[in-house]
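Listed next: structures, encoded as structure tokens.
Shared between the two complexes below is chain A, which has chain B as its partner in the first and chain C in the second.
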Partner chain A sequence: MSAFSTDTLATSAQTAESPALIRERKDRRRALGLLTPGLIWMALFMVLPMVMVVYVSFWTQTTFAVNSELTTASWERFLSSPTYLSAIWTTLRIWLIVLVLTILVGYPVALFIGLFVRNKTIQTALLVACVIPFWTSFLIRVIAWRPMLGTEGAINTILLKLGVISEPLTFLLFSEFSVLVGMTQIYCVFMVGPITFMLGRIDISVIEAARDLGASFGTVFRRIILPLSLPGVMVGSIFVSVMVLGEFATAASLSGRKVNLLGNIIVSQVGSLKWAFAAVAGVVLTIIITAVIALALRLVDLRKEM
Partner chain B sequence: MLTLSRISRSYGDTVALDGVDFVVPDDTYMSLLGASGSGKTTLLRLIAGFEEPDHGEISIHQTRIDGQAPHLRDIGFVFQNFALFPHLSVADNVAFGLRYRANKALNNDTEIKDRTQEALVLVGLDGFGHRGVSAISGGQRQRVALARTLVCEPRIVLLDEPLGALDANLRARMCDELRAIRQRLGVSFLHVTGSETEALTMGDEVAVLANGRITQSDTPDTLFSQPRTAEAARHMNAWNTFDGTLCDGMSVKGEIAVRFDQMDVSAQGRAPKDHLRVHAQYLTGEFNGPTALSFFRAADGTLLQIIDHLSQPRLPDLIEGQHYDLHFPSNALRQFHGAV
Partner chain C sequence: MQSGILRPALATYTALFLLFLYGPMIVLAILSFQSIDGGPQFPIRDWSTYWYQHLLGLAESSRVSQLPVGESLVRSMMLAFMTTVVSTILGVMSAEAFRTKFKGSGPAFYLIILGMMVPGVLVGLGMALLSNTLGIGRAWWSTSFVLHVVYTYPFAFLIMLAIFNRFDRTVEEASLSLGVTPAQTFRRVTFPIIFPGVLSAMLFSFTLSYDEFARTLFTAGRDLTLPLSIYGTFSVEIYPNLFAFGVLTTLFSFTLLVIYGLLMKRFTAKASRFSGQEDAA
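Showing the complex of A and B:
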């Protein structure tokens, strides 16, 4: 009798699906459902255009038009022209300097907000205060540097009045300097945010424990706080890098045409209908950004740290 | 010897500590018992230097330490949540103090390694050094926290509810081990807890912190059998404290205490004539395995408990809502002089 009942149980388990299996399938269907809109969006508006850009970069460029005959002429011209190669170099240099500056300016701010302000409300208020400049348009924020840095601008006037200088400093505006200042100011907040977040997650008792074990504040910072906040620095760096590498507006309005970034080249080439050439610059820029992000992710294992 | 005199600390209008006088002798396991919110943790944080007292003095061996930066005090602190360094391995956690302390830091890698290894062996974590601190269990983290503190050979070790995060089984085992480790090292431990069982089991001496002061500091058996204040008695969770005027048969004034196991129950009017009596209504019983607790409500609303041991049952069958005479011999009673 007992053998018989086990038999029937076994067969019924085989014919009817087990609840676990049904549930698993349902979960998988839901996951797919959640993924689909994003996947479609990315495919239509990111993957497809990227493929198109790469494709167009091999098109034939004539003075006022492109045709789809494939050629490497645009690539050859780009890679053999000192103007464009130096644009790559300028882009990388500006990116690195701005990255370092945003870390140098942003980290102490984040340290203050994330670690020294214990009250969550004040923390949030301070972070919001950092974002307030973003309530005006990007262009206004950039152009606002002109009356600040110009030969008759605020800084020169003050320095002249104080007698520190006898004639206006001309390197302040329409130079690489003004581009660096502008970009650092604009992108700093993207560094402050992630670092503050990481610092805010550090358990205060961990810092107290390090102090209790005899470490001075400097040592605690170097050995505990800094390493624990590195993922934040890395996320901030990725934000800043992606934005600075693709920048053109700050350079266009503050450099007086002295600083040519890859972004500026794309804008001017598109402006003069050189689509194939703009596509080459676009592909180069994409490769650089991808390499930078890959490098950043190499340095800190975000999956482990977050 | 750690001495605290007249230590006070307030947070806004809330007084956490109100003139604490307290001595932790050398080579002693001292338990500090207090309810949650009684200021136990505050007291430890003041000693460690994470906070400063509003008034009073803290000194070790007659040298004042309040006002000193925490990393110069040479006091060990074991945190309730362990506070391990999440980005370092077990061995690096333990070596942290040796390597990075401001005073007498070690540069010799072999010596650091040896002493780290010794500390890990001491707490029973031999062979765990290379692990990440997130890859070990709660009990093991507790040991890492302990090893990390002990390896620096502090002048006194403060433990903030060190067993609170462990399950009951592990807690019992860590109790024994903590005592054994302390005895081997000869350093004083100040162990803060809210559990009277833990305090009595662990401490060579037990201090009770109530109303912002140390109300009594004594050996466990003295404290348990002869609490000097009603507060101390209440913290033992074994004494009924009630107003003396509730008693029949003798006029007693002020707050008195009678231990749960020294009270008996009889029907109304049937209590022995030489015993003191309290009229009370039986509320309910609670069966705890080897013991059973019975709850009564006295005339003024005071809750009274009587414990009955399974091996020697002495209570009659009780009916909920019925009134009984609770009685006890006069020598079972403890009277407290003056207000606490």
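Showing the complex of A and C:
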């Protein structure tokens, strides 16, 4: 021990470095050592595959295979095909509608749980109640909408019994409507969570002060609650956006092939071994998602909010 | 906060929202008790547990083929287990690294977080292309497994980061400077503090991987995992046996959740007993 410390002293005297500095460098080396396996994993199994998608999108597609001769043929075909272009449009439209729906549906719930329920136990219980459906398989939750919305489903049965309608509503299932309802239900919780978290952090005395000074609830909401909850809305929007943009399963099982998202295009192209076309659709999807995340990150610092 | 009508209105709205969340699953659960000649819709002809027997292979003869879930269930469990172990270890290591300030921590943070952001269908496609090009066979335990870790490791990392943020480093240093060996310090000081986080990270990793579908679709090769088997039944006509299966998997997930809750409770009870002793002394 003593030999070690004199040794360190000697070296530090030689190079005129303080022990604190040496320790700092040692800590940094240890941190990098701990981080390296994770970063290598991400580089090999996330970054490299994504690079591969971009690369293959310029390969030559033959009937049943691709070869690595570079060409822009797949891109030209993709960008001149009305089917593929309409898939881009559908993806953007569904994304925007679902995003707005999750905010509209989720915000009042978050407002109630985060601000109006001040009992911690009830608050936690309500949040847990929102999260519990997540412990059901995603695909089962999607398919559960079929007996709900179908022509002989629960909603039609109830409405018929009540005499509200005389014939079953057919637009409920296998339409864009069912995709929107399904996605809103599945992804809404990712909006409720972050907003509730932000609202829960609001100091209640700030609101009380405003009310004492004569502000109406509308004013309090507009001037205090809404601005303070916006980071939550942004974080929720990022979650919902990346999940909805990469979706294909909900559309595949609830739309009856009427809704084709970019994800569905990728799946069907891979199914028919058109790897280059699938890669082009993948790159387009990547560009859209990157743009959306970049925009959102300009508005909110994710690292600070978590 | 008092504001007259608003509070009851929001409470009613929240109740309706919960109905919206649970409605489909409730309907699904009711229809899983459909009789043998009933379809996957109303009305319920007769209450029976026929479709549960059918699912478990106990029904004698049937016009409907059995759901191919047996082997894929085992595969999914093993995959989820492997993913849990690796992503929890990686998550703890990376979060520990982030306790030290170092250059490039921002990009490193975002590189890890990207794993939970990138759509599964994209990395799945990329991994399929990569394995095709390199001539590596695709299988659930290789190509799917690495993608599952890419997805769950960021969750484990974030959970551990939250734990370490609240964990004062001087506690460890005090132990070390009192002459306790690093191994003992880890066992007696570090581990008890980070254990709830590790347990949560494991729960997240397991359930996310067990249910993961998009990342597995292109990378699993010939042997299917559970979500893939389920997805396969979507394209053909669905029968109430799928609903019975939905009810059973939900019960299984709840069992996991209860085990997690019990472990957590037992652990916190032990911790509070420990601090109680200190108070007495």
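Assume the second predicted complex is superposed on the first by the 282 of 306 C-alpha atoms of A that agree within 3 Å, B and C clash if a C-alpha of one lies under 4 Å from a C-alpha of the other, contacts with A are read in each partner's own complex, and residues count from 1 in each chain.
In this section, a contact is a pair of C-beta atoms (placed from the backbone, for glycine too) under 8 Å apart; a residue touches a chain by one contact, two chains touch by 3 or more.
Just so we're clear, the structure is a prediction, and the values are computed from it rather than from any experiment.
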item: Overlay on chain A: chain C relative to chain B, clash or fit; value: fit
item: First (chain B), second (chain C), both or neither touched by A:M46; value: second
item: Touching partner for A:L173 - first (chain B), second (chain C), both, neither; value: neither
item: Touching partner for A:W145 - first (chain B), second (chain C), both, neither; value: second
item: Partner chain(s) touched by A:V109 [first = chain B, second = chain C, both, neither]; value: second
item: Chain B versus chain C, judged by how many residues of chain A each one touches; value: C
item: Partner chain(s) touched by A:V98 [first = chain B, second = chain C, both, neither]; value: neither
item: First (chain B), second (chain C), both or neither touched by A:P227; value: first
item: Contacts of A:M183 with chain B and chain C, given as first, second, both or neither; value: neither
item: Spatial angle chain C-chain A-chain B, Cα centroids [nearest 10 degrees]; value: 90
item: Least Cα gap, in Å, left between chain B and chain C after the two complexes are fitted on chain A; value: 8
item: Residue ranges of chain A in contact with chain B within the complex; value: 203, 205-206, 208-216, 219, 223-224, 227-228
item: Of chain C, residues touching chain A in the complex; value: 1, 3, 6-7, 10-11, 13-14, 17-18, 20-25, 27-28, 31, 39-43, 90-91, 93-94, 96-100, 102, 106, 108-115, 117-123, 125-130, 132-133, 146-147, 149-150, 153, 157-158, 161-162, 207, 211, 213-214, 217-218, 226-227, 230-231, 234, 238, 242-243, 245-246, 249-250, 253-254, 256-257
item: Parts of chain A lying in touch with chain C, wherever the complex brings them together; value: 27-28, 30-35, 37-39, 41-53, 56, 68, 105, 108-109, 111-113, 115-116, 126, 129-130, 133-141, 143-148, 150, 152-154, 157, 185, 188-189, 204, 207, 217, 238, 242-243, 245-249, 252-253, 263, 266-267, 270, 275, 278-279, 282, 285-286, 289, 293, 302-303, 306
item: Contact footprint of chain A on chain B as seen in their complex; value: 48, 50, 69-72, 74-77, 79, 81, 83-87, 96-97, 100-103, 105, 145, 148-149, 152
